[in-house]
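Read the structure below first, then the notes.
A, B and C are the chain letters, set down in written order, and residue numbers restart from 1 in every chain.
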Amino acid sequence: MKAVVAPQRGRGFIVAAIAVAFALGALAQRGGLVDDIASYSGDIIFLTQQHISLVAISGALAIVVGVPLGILLSRPAMRSVAESIMQILNVGTTVPTLAVLALAMTFLGIGTVPAIFALWLASLLPIVRNAYAGMRAVPRHLIEAATGMGMRPLEILLRVELPNALFVTFAGIRTALAINVGTAPLAFLIGGGGLGELIFTGISLNEPGMMLAGAIPTALLAVIVDYTVGVLSYWAVPRGVNPLR
Amino acid sequence: MIKLDNLTKAFATASGSILAADHINIAVDEGEICMLLGPSGCGKTTTLKMINRLIQPSSGKIYINGKDTDAYDPVELRRSIGYVIQQVGLFPNMTVEENICVVPRLLGWDKSKAHKRAAELLAMVNLDPALFLSRYPKELSGGQQQRIGVARALAADPPVLLMDEPFGAIDPINREVIQDEFRKLQRRLRKTVMFVSHDVDEAVKMADKIAIFRAGKLEQFDTPDNILAHPANDFIADFVGTDRTLKRLQLVKVVAAVEVTAPQISIDHSLEHATAIMNEHGGEFAIVIDDAGRPHAWLAAGGSHRDGTTVAARSADLPGTVTVDDDLRTAVSLMFRHAVSWLAVVDEAGRFRGCITQNGITRLLGETYRAPGAP
Amino acid sequence: MEVLDFIFGNLSVLADRTLEHLSIVGVAVGLAILTGVPIGIAITQNRRAADAVLYVASMIMTIPSIALFGVMIPVLSLVGHGIGYLPAVIAVLLYSQLPIIRNTYTAITNVDPALREAARGMGMTAIQRLARVEIPIALPVIMAGIRVAVVMNIGITAIAAYIGAGGLGTFISRGISQTDSRQLITGAIAVSLLAIVADYTLLWVQHVLTPRGTRG
């Protein structure tokens, strides 16, 4: 579930999309829908903050654990176990996130902690997989050249291997955050709060206004996060190893 | 300058121990290029990599400038040796300048000194610093990348250079160009170079000494001409090719084969006079020289002469000339092209110096030629 | 374990829900293949169209599934099918577009140009080339896209339980609302197993469809 385009493309389509949104909005206003949604503005602000903090904390923890873990698994010493661990992780990615949340609730109860744990777990796997793949994809002869020139292993890791794995690692982070933002609404189901509250309550009470008050900010948040990470990764990866630059 | 003393590397495999390098003894003088030559798997790359400790020797010693390399920390050792590999290994995440400055920065050079050095090196390999310093490897052609690879190896001004089939991945046309450039560079810098190759022509062209390897053993270590003239056994004779005598031609300059036996006449001489001169020398032809000493035409002996016929009317244009600095291969090629068995030789100023003949060349090569294996 | 007792006591319900679940995913992905593969082939002809279509499809992906379900409810209520089967199928159909279209597009554009040349040189028309050379070579990658779509949507369909679509997600939603950990765990394990089994089965199909000559 990763968006593949570089930030520059599609400006025309953004304009078109905004136009469509305005048209829909105008239509909705005729039915009084926009006022309905606006009545929840207080909740929207509060829940959005909660939502963002869920994503930010679980995402940051996933990066902090996942990237070093992926790098560790790529080391020659770990070669024998790395493949088996990657197999297990791959199986892990097929498990639906709702199931992960449900199991987190069974073992950790309800509230923010199990929600963050489940989101962390769901975001972890793409990051580890990409960091691992990126490190393993660094051509052997670069490492040979670096060793032959007299660089020490740590210097090679920091100045040759990591920069060359950066692009793929960032792609993994982008995917992971997209999954994270997409799953965060479900946190409400196990008491973690967030914009899911408006969506699910709106559905069960058959109140489209409330539901959209949750759905629209959620969708917007997802687009903003994805776009931001895309721009960040475009600029953070040096031109020499960045196929997009 | 570099001395390999009984250098050996044994690998343990399922079928027992294999000697990838078997008691190699080589001594390379300062400023020389020594080529390690041989078919795949013969141990030449293993031997090279033992010099900068990418492979640990099983036994034996390596001395650089008289010092035993065992005494050095491997990382320190490598920083004092330039290393160029076939795939170049330019770091894609760094600019050309950053790539070149890797070792200087590791050694603690300050930024401005390193920057100056990078610009200097790029100029040495014929790349404009203003254009190339800030480029990334992915924006360069293969030939440009390898030139920068060589520049990078030279950055900290190491006395020794190790090169592992550095020009193998470049297309043949650019390969010749970069080989010539490297030779010119080497004449200036006089580094001590160990160069691994499997290409006999490359070795003959570039090496001061060649070490031929087979299955881990050093079969012969000598100058290119000696190896071509006296291959120590049938394997080497096969390896250098059945055209090895032709290969020798490129190693010898025309000046070594010049004979001054053909008589010189002037365009103004009459035919009678010319014939007299030719008879005196006993030659079959004479070269027509102008006032400045430059050859223009030739005149065959024999044929009748009437009064009044001038040399000019009877003489023929020279098929071609070679200079004293050309190699014999160029000369012989020209002979074949014009279907002649001799050529006129001139110096850099164009003045006539003598002739070379096919017989003369054969004799010259034959003086040192012996059949393989014979004493 | 009480969970096991629960499972064995409710096997028929479990089976029904599994079939509901598979029906939503199966129908939706099936339709997605019918729309996605042709679109993927069509956009190989025009780079700008490809950029546009892929951009739109990836935009859809960034919308969280529950949000998409939510948006569809009022819209589909107008035709009387606001909740249940239809919105679930439509949402899964939309989510399947990106993996299928992108993989089809990438696979066909990555067919070695030399092969295309050879086919043209032999006198094949564009359609013949597509049918006999490009698609067979692209098939494994297209299959990989279908596989991604199926596995991802098994998860999304679980969420559809919250809009009345049924499926294995109902065990999870009831388990949460009734604080019944047996249902919860049953649902979680069932949907996970379904996803894993689907993944490996489709991986096998992908392998079978790889032309023998190009197998790694």
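In this text, a residue touches a chain if its C-beta (ideal position, glycine included) is under 8 Å from a C-beta of that chain, and two chains touch if they have at least 3 such contacts.
Note that the structure is predicted; figures quoted are calculated from it, not measured.
Chain A has its Cα centroid nearest to the centroid of all protein Cα atoms in the structure. For the criterion of most C-beta pairs in contact, the winning chain pair is A-C.
Centre-to-centre separation between chain B and chain C, using Cα means, comes to 63 Å. One inter-chain figure worth recording: chain A and chain C are separated by 20 Å, centre to centre, where each centre is the mean of the chain's CA atoms. The distance from the centre of chain A to the centre of chain B, with each centre set as the mean of the Cα atoms, comes to 58 Å. Listing the residues of chain A that touch chain C in their complex gives 1-5, 9-10, 13, 17, 91, 94-100, 102-103, 105-106, 178, 181-186, 189-190, 196, 199-200, 202-204, 208, 211-212, 214-216, 218-219, 222-223, 226.
Residue ranges of chain A in contact with chain B, taken from their complex: 139, 141-142, 144-152, 155, 159-160, 163-164, 166, 238-241. For chain B in complex with chain A, the touching residues are 52, 54, 75-81, 83, 85-95, 102-103, 106, 136-138, 152, 162.
Interface of chain C with chain A (complex): residues 51-52, 54-56, 58-59, 61-71, 73-74, 77, 83, 98, 102, 151-152, 154-156, 158-159, 162-163, 169, 172-173, 175-176, 181, 184-185, 187-189, 191-192, 195-196, 198-199.
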